Each structure stands twice: as structure tokens, then as C-alpha cells.
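After this come two complexes, each holding chain A, first together with chain B and then together with chain C.
On to the complex of A and B.
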């Protein structure tokens, strides 16, 4: 368990945030898609819209390596040249449409209990941004947070999670970071999530 | 045809064009949270 100060935030809250340059203070775009790796769960980057509703999408993508900070109100980059920075082929294909939308997927435990439907993804916004959990909506319409582990299996229609994870399910985002850390400690996986689960 | 018929026709066409543009732009700009990898993969 670590005590680093990594914040947790909902990936959906990043969509629509302006991308602002530190050197000039310009709005160079706004976040359209949030893309992360389904295996390592690390954030790959963002696709972008031009600023202003009447304008279209940007062909440039924002790789995670070029992101200076992800704040509550803006995504910061050092300069607008960061948008045109070269991207590795695998990451470029992922950013340009590969992958699937996780929202709406049913989540079921290995002992056959349906936990809910994925309504969001929780990211840690530290030096190595990564997906650390899913936000689900259960039958009663309440939000439930479950940690992501390396043992998750994506089937045709459902996200199957180990039944050992059930004690680490939380009903609010505050404290979810601690839940992720404890769960990963049991699995013997590293984590950079703080124990307070601070949010933006 | 009377002038008012033409005016109504033009107004309907303009409204349709604006509605189509708004729908297309809304779809184009809407974002998603995407996970790479295919369904059926073990992660």
C-alpha cells in the first residue's frame, strides 16, 4: 500500500475539458475520446475536438506522454507542438478508433452475481495515468465502484470479475483508492493509487 | 403557387438542413471511453 498523492477521477469528466498550453495559455482543443489499454489498463491518450460547437474534430491526437497535467477544469500540455508529436503505431491505431466502448457492459462475478452495468471508468491521474476501476449502476440505480485487476476477463457480453473482489466494492468514490490498493496488494500487483482516494 | 406556400417550403427546408447539421455535429463531437483489445481477450 502506498501513500502517494495520486487523484482519482471519472474518465467521463475529462470528456469536453479544454486542452490548454502552458507556454501560451491557448485553448488548442477539447477532449473527445478517452482511450486506455485493455491489458495494462494504462491511459493511451485522447482524441480531440476543435474548440467551439460549430467546429469539427481535430486530426491530431494527444498521447499520454505529452500531457503535463490532468486537472479538474483543463488538460494541460506544454505547447501546441505536443499535439503533433509522433505517436507509436500501436498507440496511433488505438487512438484512431480501435477498441470498444466499455459503457453499458454487464459486470458479473465468477460466482454468478450480477454487480451492475458499467456507467464509467475511474482513472488515477498521477505520473502514470491508468484505469483503476469501473463505476457501475446496480439494479436499484445506485453507483457502485469496483477495482480493475489483471484478472478481469472480457467475454462476449459481460465483464467477468473474480468473486474475491466483492469485499472491495464501494458505494462512493471517496475511499475507493484505498479499496483498489488493498485489492491489488492481495493480488500481489503494484499500485500508485493513494489510500485516501482523493477526487477532483 | 402562392408566395406563402413558397415561404413555408423554404422555411421547412432550412429547418431540416439546420436539424440535420446539428444532429451530425452532435454525433461527430460526442466522446466515449474506449478500452483497446477485443471482446474475448483475457486481460
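On to the complex of A and C.
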């Protein structure tokens, strides 16, 4: 398997990035918000704003499957046909509404240790963007990074993390890149993450 | 043989039959792929811009650009040409963005084949991209394949 390096970035850092077509070199919108399904820990896509002087919300939603790449300077799509129709946008919003809001939820391990409160979602950048972890803020106000796995249980009150995942918890995003790679390798998912775990 | 956009701007455009100057190279019009020059803007401004189709050039010389006659100069400015004549789509100064979503400064120059109008290379600040790595030229950016810089 080829090891294409994937960089990590905070979902919040994507807000405001232009969405640019590869086949046209045009900015067809900019990221307004991240649509995330907290229940399945899955990135759905982005809602968009128009660009330029007459700004406003676009009814279009960019589904994660239509994204060609997420970089430090732009979200790339192949063409403007990749912006979903308003119907799909409505479905995405509905999905967002059904899930529990993961931001602000307490994170507790199965052995009863509180790790912190979820403050953000960490995404892998590049050609196949996906949610790979959560950023938490602990009691002391420091950042803690926890990989996403199918074993996470979310309610309106808590996000419960298997205690076996504790070795993969990191306190810096750089170290978290390697941790996610290691964690995925053990799960056999084979996603390669840039070991530098650079924020882009 | 290759030419550069920066060095060709201002070059006189001459009608071979009457030996008259019909204008000068004011701007290059490239198709949306960013790989082919389709027209030259030779005189006038905005709505009254005068254009010559690349296919109507009889020679792109180092001292002058030759057309067979003044009749090849057209005032019909299509949408794409209009974008470029008005500067909505720039060549020199265009933002260079790769297909992974990372910027690489701005375009300093374009190298092209004076016979065919094909773009040979996009030249940036300290690096360049081969013509076939260019994916598009639009109002936001010149998009190039990631990891294709030389």
C-alpha cells in the first residue's frame, strides 16, 4: 500500500476557506460551517457562503464525498457540479439536527476517569477528508486529543471512551498525528497520517 | 522556440498586406484549461476591445506579431475574452493554487510556443510548472497539479 501522508487540522480552521473548482479555477463559495454527525462521529460536509460583496448563504451543501482535497488555503472540488442540490442540503441539516451535539460534552473513560470536555473535531486533510479525533479541554485548560473509534458511546450527557484507548491520547496535535496512525494500524484501517501531524 | 508573455506585451501587431500597425499585444486570452492561448487583445478597451484569434496569426515574431490583413481583427469579444480584457481573470499575478488546496504565490510569467499558442510552463516565484500540469485558469486561481512543481 502506498503511504500518502495525511495532515490533521481542526474542523474550525476550515471555516472561511474558499471552495475552488479544479476545472475552472473559480471560487464557488466559502465554508460557512462544518456539518458533523456526532452520533456516528462522521463528517457529513460543509455549508457554504457566497463569496464577494453580495455575500449570503448558499443553499448548496458540499458533501464530504464530493471534496477533491482540503488544503491549508482552499477546499478543492472537481467542478461546481459537485455542490449538492438544495434537497441534499436539507437532508444534511436534518442529520445534523438528529445527532447529539458533541461539542461541550464531558469525555469519560470506561474506568471512570474524566479526560475533559469536547472542544472540537480533528479532521484528516488531503484527498479523503474524515473525522479522526476529538480535541478536549481538560481541568487545567490544556488540550487533549482522543482518536475516534466505533467504540465511542455518546449520549446527551457524556462521551464514553474505552479505557484501552488511553495510550493513544495525546496533548499536542503534532503527536496526535502519529497516534492516530498507530491506532488505525491496530484496528487494521490502514489510514496513514503524517507523523508530523502538522496542522495545515 | 519559446516566448514569454511578459516579454511579448507591447509588441506591435502588423498587417502583412498593408504593412500597417493594427495594434499591439495588450493581453493574452487563454482558454479555461489555462493551457492554450486562443486570442490576443490588440487594441481598444473593454467593450470596444479589438481581438485577433490565435489561428489568424501568420507569425509570432520576436519583433512583431503578423496577421494577413486588418480584416482578421475582430471587435466581437466573447465572455472568456471579456473576463481577461477586463482583468477579472489575470495571467501574470494570478494566484497559483494546487489541487491539494495549497497556494504557491503568484504567477510571474507564462512560457508558450509561438507556433501553436500552447503553454509550455507556468513560472512562479522560484519554481515552475510544466504546461500539462495546469488544470485551469479562472478568476480565483491558476490551478496546478499538486507536487508537479520543478
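The working rule: the second predicted complex is superposed on the first by the 151 of 200 C-alpha atoms of A that agree within 3 Å, B and C clash if a C-alpha of one lies under 4 Å from a C-alpha of the other, contacts with A are read in each partner's own complex, and residues count from 1 in each chain.
The rule we apply is simple: a contact is a pair of C-beta atoms (placed from the backbone, for glycine too) under 8 Å apart; a residue touches a chain by one contact, two chains touch by 3 or more.
Computed from a predicted structure; not experimentally measured.
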Chain A: partner with more touched residues, chain B or chain C: B
Partner chain in contact with A:60 - chain B first, chain C second, else both or neither: neither
Which superposed partner A:31 touches (first chain B, second chain C, both, neither): first
Partner chain(s) touched by A:49 [first = chain B, second = chain C, both, neither]: first
First (chain B), second (chain C), both or neither touched by A:106: neither
Partner chain(s) touched by A:39 [first = chain B, second = chain C, both, neither]: first
Contacts of A:12 with chain B and chain C, given as first, second, both or neither: first
Which superposed partner A:23 touches (first chain B, second chain C, both, neither): second
Partner chain B, residues of chain A touching it in the complex: 11-12, 15-16, 31-39, 41, 44, 47, 49, 53-54, 56-57, 94, 98-103, 120-121, 131, 150-156
Residue ranges of chain C in contact with chain A within the complex: 32, 34, 89, 97-103, 135-143, 146
Touching residues on chain A, where the partner in the complex is chain C: 17-18, 20-27, 68-76, 125-127, 200
Residues of chain B touching chain A in the complex: 25, 28-43
